[in-house]
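The structures considered in this document are given below.
There are two complexes below, and they share chain A, which is joined by chain B in the first and by chain C in the second.
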Partner chain A sequence: MRNKTLRTNGMPWFLSLPSRAFKRGHTNKTAPADSTPWLLSLPALALFLGLLVVPLALTAILSFNAFDGMRGVQPGYTPGSYIEILSDGYYHELFLRTGAMSLGTTIICMAVGVPETLILAKMRPVWQGTFFVVILGPLLISVVVRTLGWSILLGRQGMVNSALLSLGVVDRPTQLMYTMTGVIIVLTHVLMPFMVIAVWTALQKLDTQVAHAARSLGAGPVTTFRRIILPQLMPGILSGAIIVFTLAASAFATPAIIGGRRVKVVTTAIYDEFLSSLNWPLGAAIAMLLLLGIVFVVVGSNRLVERRFKQVFT
Partner chain B sequence: MSKLSLRGLSKTYGGSFQAVRCLDLDVESGEFLSLLGPSGCGKTTSLQMVAGFVPPTAGTIVVDGQDMTHIAPERRDMGVVFQSYALFPHMTVAQNIGFGLEMRKIKGAQLRDRVEGALAMVRLSGLESRYPRELSGGQRQRVAIARVLAIRPRVMLLDEPMSNLDAKLRSEMHVELRALQRRLGITTILVTHDQLEAMTMSDRIAVMANGCIAELGSPQEIYDTPTSEFAFRFLGQTNVITGRISSRNDGTASVLVGQTSFPAEIGRDHVGTDVKLFVRPERLRIGAADEGNVKGRVTTRLFLGGLWFYEIDTDIGQLRVTTPNQGAVQPTEGEIVGIRWNDGDLQIIAPEVAHA
Partner chain C sequence: MKGRAIGQNGPVALAFHTLFTLFIVAPLIVVVLVSFSDKGYISMPFEGASLRWYLAILNAPELITAFWLSVWLGLGSATLATVVAIPAALAIARYRFIGRDGLMALLMSPLMIPHVVMGVAFLRFFSIMGWTGSFVGLLLVHALIVVPFSLRLTLAALSGLERDAELAARSLGASRFVAFRRILLPLILPGVAGGWVLAFIQSFDEVTMTIFVATPGTTTLPVALYHRVALLTDPVTTSVSTIMIVGTMALMFVLDRIVGLDKVLIGKR
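Let's turn to the complex of A and B:
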């Protein structure tokens, strides 16, 4: 049903244009007409180059600049910053902590987001609309307002602690502010919509009769979900997990406000190097390593899951 | 080999919409029964209730004396072939077919044998390790059938299984599936809106309209002697002629149509009542202008390959006529012809059931 030819044929015209232009270039001599697609994509290309590629390249160059505590950034090039990061246990811990935070957030988002989406899909249309707004809510509020709101909730006298105390779960207020737990709670809240949207999209593509087929062949509801539904949702869950992991690893405001000085992660360390220590090359080097780390994790997990669930992805 | 009984089965949605009303039906052991009807007549809802996907509002489903009404679909031992085939895209053909067997705790060599057996039945041997997306539409459909045959279900339910196949493949599958069903003796219910499909495959057909069975019988019975106007109009083509009862003598009456009167079997109607007469286009014969029961002018002549189709304006209204193409010279448009029929070909449907 969804074979390769169909997909290329079904591509929007603006995506298929350049390849058509190439093909024509071989057989036809009308060269000026061929530049039209490129001219049309020029504004977007300029934006992409100017706002992403150039700053990234500048950061990469900066990370190789020499640095002197007294005189600031020096003209020469040296891998000194990288050597400093790779040889210092402090930075290792920083990266491991960031990885743990992102992984924890991703796992909780998966564990909560998948059932949440399944329940959402079973609701009547009216309730579906309402709960979609509730779920997407965190994205509609400014990051600072939302995070400060959470810091009120999570404080020692906050609502979360008073609820836990009155329910008898704890005898004295638990420390949530300036802890990893607090950071993960808040990150999960704000990143959940991405998981829900990704799983929702995969769920919409599912043939509802497939579940019926499994039931009529003798599989109970649990087996049907585990063997039939879940494998088909894997592409959605994976793309949701990648988005959540990436955004969690590069989140700044939440770890800065909820984690504070005590839970220092890579992004807050970069901020400190740039604005407190003024060691720009070191900050740039940490940033480049964070980027590489995220790319590595995303590509690696993508490969792994894609191989495992090859048939669902095509 | 199982007998299926539906007693007073009904489904009401949202408190008011009656999708199925009081369905009473017995499917004999090894019988092939079709639920035939236009879309929205409740046939798919009926099938889903039998399969256990939709809980009935009232009524019972009994298989071999065992009440199945409130039993979960996975414990009903019914095999369903879906319109979309509903194959598991992440499993190979062999895994798809083996899934039902696995759920029945059949393992190892026995599982392999039964998967191979089912594949051989649908003539797909050798495709075990393919994935559904690597198969053609016809092959996917065969896998869906094999998946059901492998579990040897008590009842096989077919939900418009042929509607995604092209016409030629569809007619081949009709013959093949029918032969397979006969050989295995599986009690089968087919849901379809395709009357040709229902007629070629079924032992009996239940024509459904507005959530009820309007007509039940063998394909020939419901085509030749339907008891409702709905069935007459829904199955094949028909001519409707209005006449008036001019005289009657016990069961037989004379019906006046235009200037001529015809004898017809009649119910309780009185002399002077207007009645509708039904006649199939293939029962009318075209002859010379001065012979036959009525005379008319050919307004349309269409060539359909095996048949000629005519529309002829007569004193008793426009009549549609088909004649087999036997190579003879046919009347052309504008020609005056006579139309003949045998007395028994004109049928009257009693007005008290003609509203169905």
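Let's turn to the complex of A and C:
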């Protein structure tokens, strides 16, 4: 009795919304009052309620605490931190810059990751396996290590500048460290594997018979790709885009090291509020807004993708 | 391969692929190369190679302390995550109950919640509870953030599993626990072990959340490395990084032997 319980609908398994997985599993037919599953999940549930739900709730409360520059966190409650964020252009710019960084990274990951995955799909299995390890393996290597490599490459005397100079693209070294361009290049590198995984998963479900039929009915390769293959890949591409966007918006080490103080984003601003300015309520408020934004993007776009591509999923 | 239907790769595609692969491996190769330089600054080893930056690690006791802390933290948190994930995976895979989807969403949520937000939440929580600088506190929150990896691989092992042997054992009088330990656990062991290794790697590499709750006494290797990289350009960061790359590759090899890397990275069976 093999069952297809691990359907992930184009999302890489570790980021797919769990609600759709295991819907068709063969499971114990238990009475609704059976407490066994809850007893089994009790340890995990206790860990998550005590160490995730409670701390997040405390942070939400903290974001409404009053703050005094001289005396620190005050006992009274006020929406002051949120008002400060919503009324101050500095914070608008901060959120817009983070959005632009994430969007830029997403677009490049799509433009490069989709063709690369299609190329991978056409390779012989031996090469496929090799390049999967090369392309996806870096996911398991610390992001600090990968970012360090880029900070060496992107410096004024770095290899990227040497290459650009010798190719005659630029006539003097360009500034890439501490710029938005540099941050987007490195984030693209860090998050590219997620796009490849998402497109690859969609590619595995591709019905090649339809493509064959289209070709035999006289459609050229370009038409076949545009009209037959691309529409079937769209759910995968879009879910890859959602993952890359949200992970880019949540990234900390890369914008902190490559962007430094000159390219401040939401996550590095939260870090500064908590560990330098010590305005914890304000930092907590920015963190809550980031979390809300991410949840909104993930849940909203999942709904959209599922509704828009219902026929592809079933 | 299914992809055959959409044609072969032409020269343009292969050129694209070569550039892409170069883009992916370049930063890692550069780190490894620079670590063998004999200069006192970041440079290539072609005009003089040495192991001085590996020997320099021995004179940086805080890096060695951080390394061992990360190792123990990874071992402890991966084990705790696996221990709580196995029964939860059984509940999710084998039972239909109200709130199952919600339970699954909760247990997978550390993948979606930005680590900065969790770092802030744990910093606040630790300061209220008086856990600041506590290794056990750090271990518990690390276990929490790696539960999804352990849970997902255990679930994958459970799905599509024949229940005949287990049911036979039960009908022959084995208790639920004995049937689990003697029949089910050996069957799902590769998935569980793979989940454990993946959880260890994720805990060992975690930096964004840990940076908020790390104190001088509980600084992990990635956090120590982050502070060095952010503050000064010191070639010792490259030798430490090279060791981390080699270590990760060794663990990837182990993962591949246990469950298959494709399953870990993509999730196919």
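Some observations on this one:
Please note the rule applied: the second predicted complex is superposed on the first by the 264 of 314 C-alpha atoms of A that agree within 3 Å, B and C clash if a C-alpha of one lies under 4 Å from a C-alpha of the other, contacts with A are read in each partner's own complex, and residues count from 1 in each chain.
Quick note on the criterion: contacts are C-beta pairs under 8 Å (C-beta built on N, C-alpha and C of every residue); 3 or more make two chains touch, one makes a residue touch a chain.
In this text the structure is predicted, and so the values were computed from the model without any measurement.
Touch criterion met: A:143 reaches chain C, while chain B stays clear of it. Judged by the touch definition given at the top, the superposed model places A:212 against both chain B and chain C. Taking chain B and chain C in turn and counting the residues of chain A each one touches, the greater count comes from C. Once the two complexes are laid over each other on the shared chain, residue contacts for A:223 go to chain B alone; chain C is not touched. After overlaying the two complexes on the shared chain, residue contacts for A:125 are found with chain C alone; chain B is out of touch. By the touch criterion stated above, A:82 is placed in contact with neither chain B nor chain C. When both complexes are overlaid on chain A, the residue A:232 reaches chain B alone and has no touch with chain C. Chain A uses residues 1-3, 212 to touch chain B in one structure and chain C in the other.
Residues 1-3, 207, 209-210, 212-220, 223, 227-228, 231-232, 309, 311-312, 314 of chain A are the ones touching chain B in the complex. Considering their complex, residues 1-9, 13-14, 16-17, 20-21, 23-31, 34, 42, 83-85, 87-88, 90-98, 100-101, 103-118, 120-125, 128, 140-141, 143-144, 147-149, 151-152, 155-156, 159-160, 162, 201, 204-205, 207-208, 211-212, 222, 225-226, 229-230, 233, 237-238, 241, 244-245, 248-249, 251-252, 261-262, 265-269 of chain C touch chain A.
Per the touch definition, chain A reaches chain C in the complex via residues 1-3, 5-6, 8, 12-15, 17-19, 21-22, 25, 27-30, 32, 34, 36-38, 40-45, 47-48, 51-56, 58-59, 62, 112, 115-116, 118-125, 128-129, 131-153, 155, 159, 189, 192-193, 197, 200-201, 203-204, 206, 208, 211-212, 221, 224-225, 229, 246, 249-253, 256-257, 267, 270-271, 274-275, 280, 283-284, 287-288, 290-291, 294-295, 298.
Residue ranges of chain B in contact with chain A, taken from their complex: 51-53, 72-80, 82-84, 86-91, 99-100, 103-104, 131, 133, 147, 151, 157.
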